[in-house]
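First chain A sits with chain B, and in the next complex the same chain sits with chain C.
Showing the complex of A and B:
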């Protein structure tokens, strides 16, 4: 495996500069913060609202930014130029993903603080959000790879946003439409369940199950994104 | 020692043969031109040589390594590539674009100053790429391709759509690089560019090499064996190169009637048309 920290750092710095100057993309960091301020509450459904904000932010920030970063490189032919340098495919992918991970982690932490969400198990919450960021980064990679332009990439994230954010809410119709049961296994539904379970102080077994399901999603989607990334680059 | 050695390369896309049994060698230190119209197979060959494509058959070696090894990190450091669609980061300045490549090649910061001086963009280094003219962009792309001082430089139509001033500037830079030891493989459909830059050229048509050699050699091979004498009276005489013509020329010369005299050589473009029946730019 050909990976170099120096090259990853080069990609990271380059993408950070591009991100900070691309206001159409960097504006996305504002949405989670605005949502946190709008919906902050101390009522009993705090965990459910917090879960919605986190799920929305993961799709709208993490997946969106990653998809745009990758699609723009393709659109402007810079990815081909990069691949002619000593940078490997993994260097490029890790460099981009690292930036998106750090931005997402910082924004979600700040959002959590502004929202005023308090949990008895910070470690578990951090792990769940950390794994979810990795998952949504991989989803963003796939969206970016299948988009030819920045515009296509931004549109491609909307199905992800709708399915993953609305999924947990659709479960309230589960009794009328039993097939909706499948939505229970969405990572967003599992994150909601985990937060609810933490709220009521559930046993560790009940807490572990959602985390494991999210982790399985993350592993599978990350592997798919790596395979597709390699294949799509070779096809161009 | 050869920088590039290509033996019987073939490349098929579905049922279409993009390259048919192409063979040639380029010694180290040469500027070699690959000429042909769009779709003749130039870019396909360049992609095979830089391991972006695999040949269907045949063998290609670049710097004495099989060309498929050119995507290895150590090999990537040995060559640079500039294509007409090489991308730049629009929101970054010239200097920041070069800094990306400097870091990827693990070079000192001074390499940016050197390459900016080389492409004559030192005073514009803080300008964002998005505001640059096409000529300046092409010079930045060239700077990105040569910042690591490659042994071998692949150029795919480097001056297409550039004005004569920018073209001349890039040519000057390429000659300087070549003097410092860089082998240059140039694909172009611009005959003037090939004639002014290249020591040898190959003419590619429909995936086949139709002629290969120094531009002057090709002109000699394809000249028609006649010369034209322009007389002071304004008449033009086209003569074959034999004894009768020599006597006629001696007579005009003794009477001071010759204005000028030249052999009838074809230009590279004429040679291409003769060999392929296709028009070039």
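Showing the complex of A and C:
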């Protein structure tokens, strides 16, 4: 599979225009910003609320947009035509993912600024969010591959939203239901934990663990999404 | 180009075929939807064919110009977008979003993707079906130009569409490919003049479809019926009008095993499978071609037919 920067760029520009003109999808960039303004607080639990907004935004924006971009291409049978051009499957996937990554990164950065979140370790925060964006892009790819239309894609993101965003909250029932312990290993829970740990100024060992877990999630899900992407497109 | 044999439920749908494709010639295959899908699936397995499907969608939120620019950078085509717009006669729609184009133009634009194809073979499914006439003509011209460097094949269920731009048209059925003998109306007039002098006996049945004259070998014909006093020739489910009267046709065809089974029907006896008796005085002939091709048989002709068939 050969990858060409020129074709990736063409797909990136095409998808950017489609994204910016499809208000049903591009409205999603408003939600994180609105949430940031609503929940702006000076109180002590700033880190927890910030973590919630980030987790919500990642699912609602990153996964949703990626799923919609892929599903819409399938819905209109343009993917099949695209496969017959010199553009490889990897070109298409990288072009789309790059767009979603940039949009997410920009929106999350702006949200952070609006929310007024201040951290001692900007580098660590950027790394954690960057890896998370990759992870949620891969999840969005999988959602998009399993949906045939735009409508299906937007519905398929809801399980992701519920499991990943609500996961950290369900942890408060852990004493009643010990099996909920597994939710602690969700990337969203790990992101919250990381933010909390940064707040209290934990040792670097405690900071590294959540980051490693998120990275493992990212690698595994990205590989799965690649394999599925290849397989599902062959079947078309 | 080879096509594999294909059977569905033990019934042979397509025999194994060999198709000669060459540049400078647009080939057409007229066949039913099922065979069309099978052919498309087989072409899709080949790496060297670009397939243009009938249900091809479009990036409706881009403008025409943006789409062409996108196709250009994807395919590595060199011609600037501006001259492509001119070539495609889409100059006035340059800044229009594809979603706002008229329906026919939208399909025309999707078809133009073949222009950017890198593959040596181009297969089009039903290109003309939903196009308005000016767009049909424009696309026909582009295809002719494209055929100079590519091998082009059109698959259609409708012969009229194939007639628009194909140089050679084949009919595909379970027996294989049959080349349709087609001449333009003007050429045919000349031919008729020449043959008149040479006293050459024409053994083909001339029929018309649109502006084209199509000649059928008598054994190809299933039956002929008279509708509003003009003869309609049935060949493999398609109908063609014929300028001759039924009496003339009967005269011409009786040596080929045709039989005037009814005041307004002539049937090819080679293709009769079954004699159906509805009541004592009402009969029909069922043909081998399909379940629903049934031709009436009048009572007076029954005796004659029985004599002919020795039953």
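The definition used in the following text is that the second predicted complex is superposed on the first by the 235 of 236 C-alpha atoms of A that agree within 3 Å, B and C clash if a C-alpha of one lies under 4 Å from a C-alpha of the other, contacts with A are read in each partner's own complex, and residues count from 1 in each chain.
Everything that follows uses one rule, which is that a residue touches a chain if its C-beta (ideal position, glycine included) is under 8 Å from a C-beta of that chain, and two chains touch if they have at least 3 such contacts.
Keep in mind that what you see is a predicted model, and the values were worked out from it rather than measured.
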Clash or fit, chain B versus chain C on superposed chain A: clash
Touching partner for A:6 - first (chain B), second (chain C), both, neither: both
Touching partner for A:76 - first (chain B), second (chain C), both, neither: both
Partner chain in contact with A:22 - chain B first, chain C second, else both or neither: both
First, second, both or neither for A:41, with chain B first and chain C second: neither
Touching partner for A:14 - first (chain B), second (chain C), both, neither: both
Touching partner for A:88 - first (chain B), second (chain C), both, neither: first
Intersection of the chain A residues that touch chain B with those that touch chain C: 6-7, 9-11, 13-14, 17-18, 21-22, 76-78, 80-82, 84-87
Complex contacts: residues of chain A adjacent to chain C: 6-7, 9-11, 13-14, 17-18, 21-22, 75-78, 80-82, 84-87
Chain B contact footprint on chain A (complex, rising order): 2, 6-7, 9-11, 13-14, 17-18, 21-22, 73, 76-88
Residues of chain B touching chain A in the complex: 50, 71, 73, 76-77, 80-81, 83, 85-92, 96, 100-101, 103-106, 144
Parts of chain C lying in touch with chain A, wherever the complex brings them together: 50-53, 55-62, 66, 70-71, 73-76, 97, 113, 116-119
